[in-house]
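Two complexes follow with chain A in common, the first pairing it with chain B and the second with chain C.
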Partner chain A sequence: VGLFVRMAKYYDIDDILAEDELVPAIFKVAANEVGLIDSSDDTNKVESGSKVELPFWLASELHLRQAVSVGFPRCFNKRTQEEIKADAAHVDLRNRCPYFYELGCKIVLLTGDKSIGPVLLVAFMTRYKEVLIKAHTTSLTVAPKSLTLLTNEEAKLYEAARSSTAAMKKWRMGGPRLQKASVLGRKRKPVE
Partner chain B sequence: MAGQSDPSGSTFTAAELEFLAEDETVEIVPNMRMDTLDFICGQYEKLTQVLEAERDSLDLFQPLPFHYVEISRLLFDHARDDIPDVYLVRSLIEDIKDVRFHKIGTGMEKLAGRASAIVLKHISAMEVNIVRPFTARALETFYKLDSPEMLPDSERGAVKHSQVADHGQRRPLRPNR
Partner chain C sequence: YAFRSLHLINDRKVQEVKGPDDKPVKNSDHYGALIHHLSLVRNKRCLMAYVYNRAEVIRSLRWVVENVLPEDIANKLSDAEKDYFKNHSATLQSYIADLDLGLTVDMVPPKDPYIKVRVLDEIGNVALSNQFTNLARHAILFLRRTDAEPYISQGLMEELTS
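The block that comes next holds the complex of A and B.
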């Protein structure tokens, strides 16, 4: 089952993009021929102990091979945590990281460091209520400014609620119940 | 048909629900004799009761025909003249719908977290269809964030909402994609 779930995520565009986010990593070994990662000097290698930023997909592979240790990027720092505790609904999480929840979960699962777990949960619990209210009540044409604060996951939630409510309203207003399929519209040339 | 390819997660479109609703049997009274009473005539007293009951009970839904939204719309569209006091009936049904939707909304606000499955007794087909994409996604995210792999042991009891009923053991999700 675990393999099936992993395979399902392999092609999931959101998963791919989430793993493209950068995370801080400290090299535990020296690595040759990868000077691209750490361009602080001219040598084409990375020294053990160097601090770099890597996309998560790379960092996690290296972590599993025990070549680096992975940390939490800035978007999860103390300041953000304080802001979430104070007023989670109005924190601009999209700006911090559009894949806030997804990335946070992945890092926790990779490193076993659960310290930000409660922060993620509290943030979502609060913000989910906001999305719930706004998606089902505001008029169809006005998009509230708070949409720009939403992470990818929250925006999808909002969209899900909106589209199903809009579809229902459209159905309710009526309209032709039988519609001619568009492929039937054009006359076909008789085959000679 | 039922859109498996629909990324937003709505299993049926409203039109498809309406189509399914048409399978429900409705009493048809032939118009041969003008003094025959149409069955809906008896309904509006019942509807008033239903409306009051919906308003009175904050947590429960009244049992209604599963497809009441679709059926009522179809009847209004096609059989308007056969319904006595059609405006009254229509406004009663609208009110019932509004009260129920509001109830769904407040219920969902309360559940935030600590639930990976919810039970809504007597909810109707159209109502379910509307909340399904949102609720399914939200519950899935709660499930992921609220798992023992994510939370340090000391925190698991601390973040609590007292009124959420126990919905049973946490069970592993089967992937459905």
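The block that comes next holds the complex of A and C.
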């Protein structure tokens, strides 16, 4: 089943971007000719024991092969957890990690850690309530400041709620129902 | 093709690190090569996803623009993509013909066989299902819904409700 899930997301752009997020990793072996990863010295290699930040896609493959051990990214540290417990709805998750939930889930799958799950759940439940309330009550033209605090997934939910509210209003008021296709979208000036 | 040659170079490196009894030794060269390999696979995934997602958009275009691609979209597609659109469009067309049912009309449930529209772009003389009409810019007309739908979809007309 795990393989199916991974394959289904192969082409998913959000999944690809989420796996670009950096996570801390400690090398358990040495690797040659990859000096880019550890720029703290001039050699073109990484020594065993080096602490680096790797994109998740690389870290997870190496972790599975026991070449590194993956730790928790900064966005899941004690400070963030405290802030979430205090007032989840106003934590600037986008700044910490726009793929907060996706990354959290992946890390749990990778390391089997049990402490992160409840944090994600609490954060999501509180924030989702806020997202829905804002989506249904704010007027269509004003974008509340809290949008900038939302992670990628939350922002999508917000947009979905907004557009269904707008559709509902439109249905009640009447109005043109045939529209220009969204696929043809905005015109972009061709690059000279 | 660049991919394949990078893969070959990487493979040769991995082969070099085989130990005396021909079993691969997991030393630092091995891990270096592994990291390069994983990077190549990652790049491949990014490229594949790009092409795949573009193909999805191209497929959905057919439901909007019928057979002919608007110029500003056509010059953003690669030749392979233009062929893809043509083939997909032809397949869909033959399916529609077999069903004898216009699938690309009435994308919104219809209320009225006729609607009032304003023409946004100069389209000129066209043959609609029951008349020849001049679709001049700014003209306000009563058209059959099914005639107007493709033009509205492409942003060349807008529906008026008052």
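Operating definition for what follows: the second predicted complex is superposed on the first by the 171 of 192 C-alpha atoms of A that agree within 3 Å, B and C clash if a C-alpha of one lies under 4 Å from a C-alpha of the other, contacts with A are read in each partner's own complex, and residues count from 1 in each chain.
By our rule, a contact is a pair of C-beta atoms (placed from the backbone, for glycine too) under 8 Å apart; a residue touches a chain by one contact, two chains touch by 3 or more.
Here the structure is a predicted model, which is why all the values come from computation and not from measurement.
Visitor: Which holds for A:A67: it touches chain B only (first), chain C only (second), both, or neither?
Guide: A:A67 contacts chain C only, not chain B.
Visitor: Per the contact definition in the header, classify A:T165: touching chain B only (first), chain C only (second), both, or neither.
Guide: first
Visitor: Applying the touch criterion given at the start, work out whether A:L147 contacts chain B, chain C, both or neither, answering first, second, both or neither.
Guide: Neither partner.
Visitor: What is the contact status of A:L110 with respect to chain B (first) and chain C (second): first, second, both, or neither?
Guide: The answer is neither, since A:L110 touches no partner chain.
Visitor: For A:A89 in the superposed arrangement: first (chain B), second (chain C), both or neither?
Guide: Neither partner.
Visitor: Pick one for A:K156: touches chain B only (first), chain C only (second), both, or neither.
Guide: first
Visitor: Could you let me know whether more residues of chain A are touched by chain B or by chain C?
Guide: Counting residues of chain A touched by each partner, the higher count goes to B.
Visitor: For A:L132 in the superposed arrangement: first (chain B), second (chain C), both or neither?
Guide: A:L132 sits against chain B, while chain C stays out of touch.
Visitor: Hey, what residues of chain A end up touching chain B and chain C alike?
Guide: Overlap of chain B and chain C footprints on chain A: residues 174, 177.
Visitor: Mind listing the chain A positions that touch chain B in their complex?
Guide: 1, 4-5, 8, 101, 105, 108-109, 114-115, 117-118, 120-122, 124-126, 128-129, 132-133, 135-136, 153, 156-157, 159-161, 163-165, 167-168, 170-172, 174, 177
Visitor: Taking the complex as given, what residues does chain C use to touch chain A?
Guide: Touch list, chain C to chain A: 26-29, 31-32, 34-36, 38-39, 42, 45-46, 48-49, 52-53, 57, 60-61, 63-65, 70, 72-73, 75, 108, 111, 115, 148-149, 152-155, 158-161.
Visitor: Under the touch definition given earlier, write down the residues of chain B that touch chain A in their complex.
Guide: Of all residues in chain B, those touching chain A are 8-10, 13-15, 18, 73, 77, 101, 105, 108-109, 112-113, 126, 129-134, 137-138, 141-142, 144-146, 149-152, 155, 158-159, 172, 174-175, 177.
Visitor: Report the residues of chain A in contact with chain C in the complex, numbered from low to high.
Guide: Touch residues, chain A against chain C: 10-13, 16, 29-34, 37, 45, 57-58, 61-62, 65, 67, 174-181, 183-184, 187, 190.
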